[in-house]
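Next up: the structures, one after another.
Here come two complexes built around chain A, the first alongside chain B, the second alongside chain C.
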Partner chain A sequence: MSTPASTPHPHAPLPFVEEILLLALDDSTGALRPMPVMGLDYALAGALLADLALANRIDTDPEKLVVIDRAPTGDPLLDRALGTIASSPAPQSVAHWLGVFASERATLERAALERLVARGILAEQEKKFLWVFGVRRYPTVDNQERVEVRTRLSALILGDDLPDPRDAILISLLTASHLLSRIFDEPRYHARGERIATLARMDLVGREVAAAIDTLARVLRSATPVMGM
Partner chain B sequence: MEITETQHPSAIVLALTGRLDGLSSPALEQRVDAVLASGAKALVLDLSGLDYVSSAGLRVFLTAAKKFKTAGGRASFAALPAPVREVFELSGFLDVLDIRTDVASAL
Partner chain C sequence: MQVTSSARGAWTILSLEGKVDTAGAEILKAALLPLLSAGPASVALDFAKVAYITSAGFRVLLLAEKEQRKNNGRLLLAHLGPDLRNFFEIAGLHTVLRLVPDLDAALAAEC
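This part shows the complex of A and B:
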C-alpha cells in the first residue's frame, strides 16, 4: 500500500535537538553554518523544550513553563532536562529555561552529533588545519532526512497549506536562529517573507528563542564602540 | 475542561468549557478524531466558555484544522473570548485558521 500524499512524516521524525543540529551543518563541508551569536545555543535549548513538549512532559504559555508529567521519556537528554525543570521550586518562564539550557550547548551539541553519527546520517572526520590544529567535521553520509525535511518545509513555505505542529516548531526555531534564510536562499523564498513570518509565529518556544537571540544582538550592537570617531 | 457535542445539519459543534492545557488536550484530540472518523466534513469549536488555552491546546487546534482540511472538510473556531483571542493573535492563528464571531456564522 502506498503512503498517502497527505502523510507528513513517513517515518519517525528525528528529535528536534538532532534535526536542528543536522540542518545547522552545511551539507558539503560538514561545518556549522554561520549563525548569530548564541544562535545555536538558543536553538538547541528551544529544540530540547520542544522535544519535551511533544513528549507531553511540559506545557507553556506566555507567562510560564510547567511540568505536566514527570515520568521519564527514556531519552537521557530529555530526562535530565525534565529533572532540572521539575526540581525548580516554582514555575519559571520559557525565557528562563532557554537561558538555562543554552548554557549547556556543548553537551547538547555533542550528544546530537553522536546520535546522528550512530544513526548513520553523519560521519565524524578529523582534519588537520595547517598540519597542526585538529578541526572536526561531520560530513553527511545519508542525506535522506535533510532532503525530506527541506522538501516538506519548502512546500509549506511556497504553498498555503496549514503546517502540522511539528513543522510549525521547526520553521519557528530555524527562523529564530537565522538558519531558514540560509537553507532556503533562492529568490522564490525571499518573496515569501510574510508567509515565513506567519509560520514562525505559530510556536511559543520558537518566538522566545527569536526574542533571546535578537535581544542579545541588540545588546552587542549597543556595546560595540563606534570606530573612527 | 468539559466538552459538549451538538449535531447540526451542516456541522458538529464541540463546545469547550474551562481550561485547555496539556492535561485536558488529549481528550479534545480524541473527540476531534472521533468526529472526523464519523465522516463529518465540518467541525465547529465553540470557544465561548474557554478560560485558558496553552501551547498544547493550540497544537490540538492546529492539528484539528489541518486534519479536516486534508480530509476535504473544515474546522472553524467560533466565539473567542478575549484572552483566547489574544493567544490566537500572538501565534498568528487569526491569519491561518477559520475564525467566526459566533457559532451561528460558522454553521
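This part shows the complex of A and C:
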C-alpha cells in the first residue's frame, strides 16, 4: 500500500478540548453529531486531561494519574482542573478523574464554544423552534482547522506512518467517542478498522475514555427492558 | 533516570536506569532524539534496569520511532521485564516498536 506523506501541524494546534468539540459539531448544521450516551462528556474530560498531560502538568500509568507540576498553565480551564487534581489527598486513577470532569461537561462545552467563536472559527446563532423555544447553533465561519486536522488524520488512517503523540491522542479520543467513524464514514476508512484500532490504543487516556463509554453503554443495554417479550 | 551510552560496532547502546516517567522521559529524549535525527543511526535501548514507564515515556518512544523511520535508522528496545512488556502490549506499542528479549542476540543478528 502506498503511504501518504504525513502532514505536519501547520500552526499551533487547538487545545484538545476545543478540537474535540469542533469535530463533534456537524459542519453544515452546527449541531452536535450523534454520539453514545455521555460520549461527549467523557471525550471532553479526556481532552482536558490530555491538554494537561501535553502541558507537562500531569502524567499517567495504568494505575494512577499524578500531578508533576502545579505551576499554572495560564489557561483558566486547565488551571481549575489542575487545582482539583492537585487537591486530592492521594493519587487517583485516570478513570476516576474522567468521571469527575465528565460531570462538568456543560462548563467545558460552553468554554470551548466561546473560545472557538472568539477565534473566528464558529459563529453563534439563535434559532426559534416551534416559534417559542430557542435553539442555539454554531455554524462554521472558518473551516480551515477542521479541513487541516481531517487531512492529517485521513493520511494517518490510510497510510502506515506512525502518528505523532498529539495525533495519537486525538485519534484515540475520537475513536472512543465514536466520532471518528462519523467523520470518516466512507468504505476506504471502514476497511482500515484494524489500523484505527491500533492507533486508538496508543494513548492511555483515550483507552480509558473508550472503556468508560463502553461500560456505560453495556449498563444501559442491560437495564433496558426487551420489548415484545 | 540515568542514561549510559556505549558503542558496539555501528550500534549506540543507551542503558537506562530508573523510572521513565516525566523527568526520565525528558532525559531519554535529550539523549535519544539527537542521535536519531542526525541521520540513519542504529540505537538500542537497554531497559534491563527500568521497572516503570509512564505515558510521557511512551510519547518519547513514539517520537523516536517516528524519527528513525524518517531517517532510515534502526531502533531496538531490549530486556523489558514482564510488567513493562505488558504495558507496551496494552498500548499496542509492541506492534510498532522492535522489542527484543536478548540484546546480544539481536545485535548479532543485525550485523
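In this text, the second predicted complex is superposed on the first by the 222 of 229 C-alpha atoms of A that agree within 3 Å, B and C clash if a C-alpha of one lies under 4 Å from a C-alpha of the other, contacts with A are read in each partner's own complex, and residues count from 1 in each chain.
Going forward, contacts are C-beta pairs under 8 Å (C-beta built on N, C-alpha and C of every residue); 3 or more make two chains touch, one makes a residue touch a chain.
Treat the numbers as computed from the prediction; the structure is a model and nothing was measured.
Visitor: Please work out whether A:Thr60 is in contact with chain B alone, chain C alone, both, or neither, and reply first, second, both or neither.
Guide: A:Thr60 sits against chain B and chain C alike.
Visitor: Using the touch criterion from the header, give the chain among chain B and chain C with more contacted residues in chain A.
Guide: With both complexes superposed on chain A, more residues of chain A are touched by B.
Visitor: Touch test for A:Ala168: chain B only (first), chain C only (second), both, or neither?
Guide: In the superposition, A:Ala168 touches chain B and chain C alike.
Visitor: I'd like to know which partner A:Leu220 touches here: chain B for first, chain C for second, both or neither.
Guide: neither
Visitor: Under the contact rule defined above, give the chain A residues that sit at the interface with chain B and also at the interface with chain C.
Guide: Shared contact residues on chain A (touching chain B in one complex, chain C in the other): 53, 56, 59-62, 68, 161-165, 168, 198, 201-205, 207.
Visitor: Please give the residue numbers of chain B that touch chain A in the complex, ascending.
Guide: 21-23, 26, 52, 54-56, 58-59, 62-63, 65-66, 69-70, 87, 90-93, 95-97
Visitor: Note which residues of chain C are touching chain A in the complex, please.
Guide: 21-23, 52-56, 58-59, 62-63, 65-66, 69, 87, 90-93, 95-96
Visitor: Within the complex, which stretch of chain A touches chain B?
Guide: Chain A residues touching chain B: 6, 53, 56, 58-62, 66, 68-69, 161-165, 168, 198-199, 201-205, 207.
Visitor: Applying the document's contact rule, which stretches of chain A touch chain C when the two form their complex?
Guide: Contacts found on chain A: 53, 56, 59-62, 68, 161-165, 168, 198, 201-205, 207.
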